[in-house]
Amino acid sequence: MNKIVTLEMAMEHIKDGMTVMIGGFMACGTPEKFMDALVEKGVKDLTVIANDAGFPDRGIGKLVVNKQVKRLVTSHVGLNPEVGKQMNTGEIDCELIPQGTLAERIRAGGNGLGGILTPTGVGTIVEEGKQKIELDGKVYLLEKPLRADIALVGATISDKKGNLYYNKATRNFNPLIATAADLVIIGAEKIVEVGEIDGNDVMTPALFVDYIVEV
Amino acid sequence: MNKIVTLEMAMEHIKDGMTVMIGGFMACGTPEKFMDALVEKGVKDLTVIANDAGFPDRGIGKLVVNKQVKRLVTSHVGLNPEVGKQMNTGEIDCELIPQGTLAERIRAGGNGLGGILTPTGVGTIVEEGKQKIELDGKVYLLEKPLRADIALVGATISDKKGNLYYNKATRNFNPLIATAADLVIIGAEKIVEVGEIDGNDVMTPALFVDYIVEV
Amino acid sequence: MNAKEIIARRVAKELKDGDVINLGIGLPTMVANYIPEDIDVLFQSENGFVGLGPAPEIGHEDKDLVNAGGQPVTAVLGAAFFDSAVSFGIIRGGHVSATVLGALQVDEKGNLANWMVPGKMVPGMGGAMDLVVGAKKVIISMTHTAKGKSKILKKCTLPLTAAGQVNMIVTEMGVMEVTDAGIVLTEMNPEFSVEDIKKVTEAELIIADDLKKMEI
Amino acid sequence: MNAKEIIARRVAKELKDGDVINLGIGLPTMVANYIPEDIDVLFQSENGFVGLGPAPEIGHEDKDLVNAGGQPVTAVLGAAFFDSAVSFGIIRGGHVSATVLGALQVDEKGNLANWMVPGKMVPGMGGAMDLVVGAKKVIISMTHTAKGKSKILKKCTLPLTAAGQVNMIVTEMGVMEVTDAGIVLTEMNPEFSVEDIKKVTEAELIIADDLKKMEI
């Protein structure tokens, strides 16, 4: 199975109205070439699940500025003022989720869990509409799994089968979203031979990966 | 803060009646020197939480054979016939948990989650006494977190601060239990200078570690 | 060819290029010996890696590399190691294409019992309950009967491993698929007749319209 | 010494050898500048590492190494990187000794509001809700008032970040501990009187019997 494809071939899988998870934290670890390609392609009405909205000119922010995002599920939009503007005009629907809860919900989606119980958000507006469960005297929110049609993962190194390695702070949400989408596309800075990443150091095993683009 | 101690100093923390998590899978990755030291020390009435009961002469099995375990919370005891014998005589109380559920319950205990919802065990005796939750047409068991007084972790390499690296299949439950106990003691095959394990390759960050013994 | 080899050879034919497979201990392990050379299959070992290879030569064992039965194994090029939570995330999350397991009993509803005999054998379920619930396809590979008694029942009598999760049963007598209508015999070992098979199968067997010869 | 420096210096004195600390952006970040040299404190960065170091020299930025604000930082020797689930497992699991955060409002019950002003500012909570719930100790570091108005209230009016989680409040006027009985002033900046502080604090202030001079 050859998983290595061109940028164009990879982007063909992303269609209007899809739910797309995008890796990265304030654009660090986001597959930036994929953002540019999506802007160029003009695919629209996307639901984007990601840690944050990036910056207006960097990361996921580019998709927001270009009005391709209908719904944004994220923990932080403060460094991209365009989101606030589009929220006011009703052009974007934004669901804010505590960062740790977002991470666990994506992990649950990729790991076959029906949900997790977290104390985060109890007593705040985050609890609205959610089931509260009291266990051994402590109150938790039941948070449900999140999944997507596509995951766009930024990796530092991929081997030819799709074993991935992330450098430093680029890891963030990337290994999590790689488990939680029907189709997983990797933007790797470098592609190496199988075996060049030691099996102990693989951060995302190749079994999660569908396509790899050298970016 | 110096975390490096002798075997004797480390074992002093383990007292009769404590709950102890022990890493390893069929003795692979189990800190074997700790097992021997506990047998010698003769500490008793332990509750042991671990993947399996090892072999009669290897891993956790040694503690069972020496009748130091009052209660065993585990997924598999089939390779240690001594457990079955002690279950029949009432000398050991054994709670069997599906392996994936055991891993998630320990992870929940270490990660501040109130529990997780899993489809595993639905329709089997595992569901007895547990809360069942139906979400979006699917039934899950609510599984609660597990924690311990002490975690005994086997590591291949520890740096002097306690950043850990596990080789191959020795990883298993070790990084999970390292998060879920009040006191975490490492049996490391090798202790190296800080910085010798690359920050990307650290599998358990030093912040989880209280004591390190070179074994 | 003995019964076990027939079963292992037939199960191997179910595997496809790119599959991630978890093999139980015992008979299922033999499946690895018969994988077609033109396909790339990765074996997952629930103790924490993907890329399980054959047993090492004597004297070349690596104490850090064992399978879920604690036995020395090897790892193929491109193997990846992880902890038990990740391992079962892979399993429960549907990232394993198929799991091949033995059984004490299977029934018409796809229920499986393979982890305990009350009062006799209580080894623990290990990873079996997660595997059967999580893998995309559950293939039971077993001899058709045990001491002459049927293991394919109307209703399991032993404690279940999971309810309604079995997809396929492969025995030395044939291949059966578990459907909403019941158990359908889709392939038959030509050494047996339909009547032979029905005689040793307590469950109602539906015979497929296009019943085929079992390929081995 | 300006207000912010007073606050940062005082908060730094709360930290102990071996602590793992998460500092919010803005004023809390300044705390790192005043850690006593004889103690070993690790800074956790919720975007995925522990061992956060100071900003790099210009021209030495590493694009793969940023803090939770997306700004270039460095990592100390012995730093360890991980994914966001592990990062928040560390936070939610009580493995962070203390988090130092700013606030819009704090109240007598230890409630905190620091993530939104309805209709005006909705940046998102980021990691703040998890940090405040999960860290062993929650230290609020902020100027005592905003535009002359009290930020330490009987009851928060803005949407909460978390209910009942604040342990300590450090302002340029003094140090307050949140107890079951209410907010206790335990240290006071000698430049102010108790009356000065009460005047700009809407919450009822309990004055500690052993009220001390604020150490800075």
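The letters A, B, C and D name the chains in turn, as written, and every chain counts its residues from 1.
Just so we're on the same page, a contact is a pair of C-beta atoms (placed from the backbone, for glycine too) under 8 Å apart; a residue touches a chain by one contact, two chains touch by 3 or more.
Here's who's who by UniProt: A, B = Butyryl-CoA:acetoacetate CoA-transferase alpha subunit; C, D = Butyryl-CoA:acetoacetate CoA-transferase beta subunit.
In this text the structure is predicted, and so the values were computed from the model without any measurement.
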Worksheet item: Among the other chains, which touch chain A and chain D together?
Response: B
Item to complete: Pick out whichever of the two, B-C or A-C, is joined by more C-beta pairs in contact.
Response: B-C
Practice prompt. Averaged over CA atoms, how far is the centre of chain B from the centre of chain D? Could you give it in whole Å?
Written response: 35
Practice prompt. Could you tell me the distance, in whole angstrom, between the mean C-alpha positions of chain B and chain C?
Written response: 29
Response to the item:
Between the Cα centroids of chain C and chain D the separation in whole angstrom comes to 55
Worksheet item: Which parts of chain C, given as residue numbers and ranges, touch two or more other chains?
Response: 49, 75, 81-82, 88, 91-92, 133-134
Worksheet item: So which bits of chain B are touching at least two other chains?
Response: 104, 107, 112-113, 118-119, 166-168, 199-200
Practice prompt. Could you list each pair of chains that touch one another?
Written response: A-B, A-C, A-D, B-C, B-D
Discussion item. Please output the residues of chain D touching chain B within their complex, sorted ascending.
Written reply: 17-18, 20, 40, 42, 44, 49-51, 75, 77-82, 88-95, 133-134
Item to complete: Flag every residue of chain B that touches chain A in the complex, lowest number first.
Response: 104, 108, 112-119, 133, 135-136, 138, 140, 142, 144, 165-168, 199-201
Worksheet, complete the sentence: As the complex stands, chain A meets chain C at residues 1, 107, 110-113, 159, 161, 163, 179, 194-195, 199-200, 202, 205-208
Worksheet, complete the sentence: chain D residues touching chain A in their complex are 45-49, 62-66, 68-70, 75, 81-85, 87-89, 91-92, 111, 122-130, 133-134, 159-164
Response to the item:
Counting only contacts in the complex, chain B reaches chain C at residues 25-29, 51-52, 55, 74-79, 84, 87, 96, 98-104, 106-107, 118-126, 156, 166-176, 203
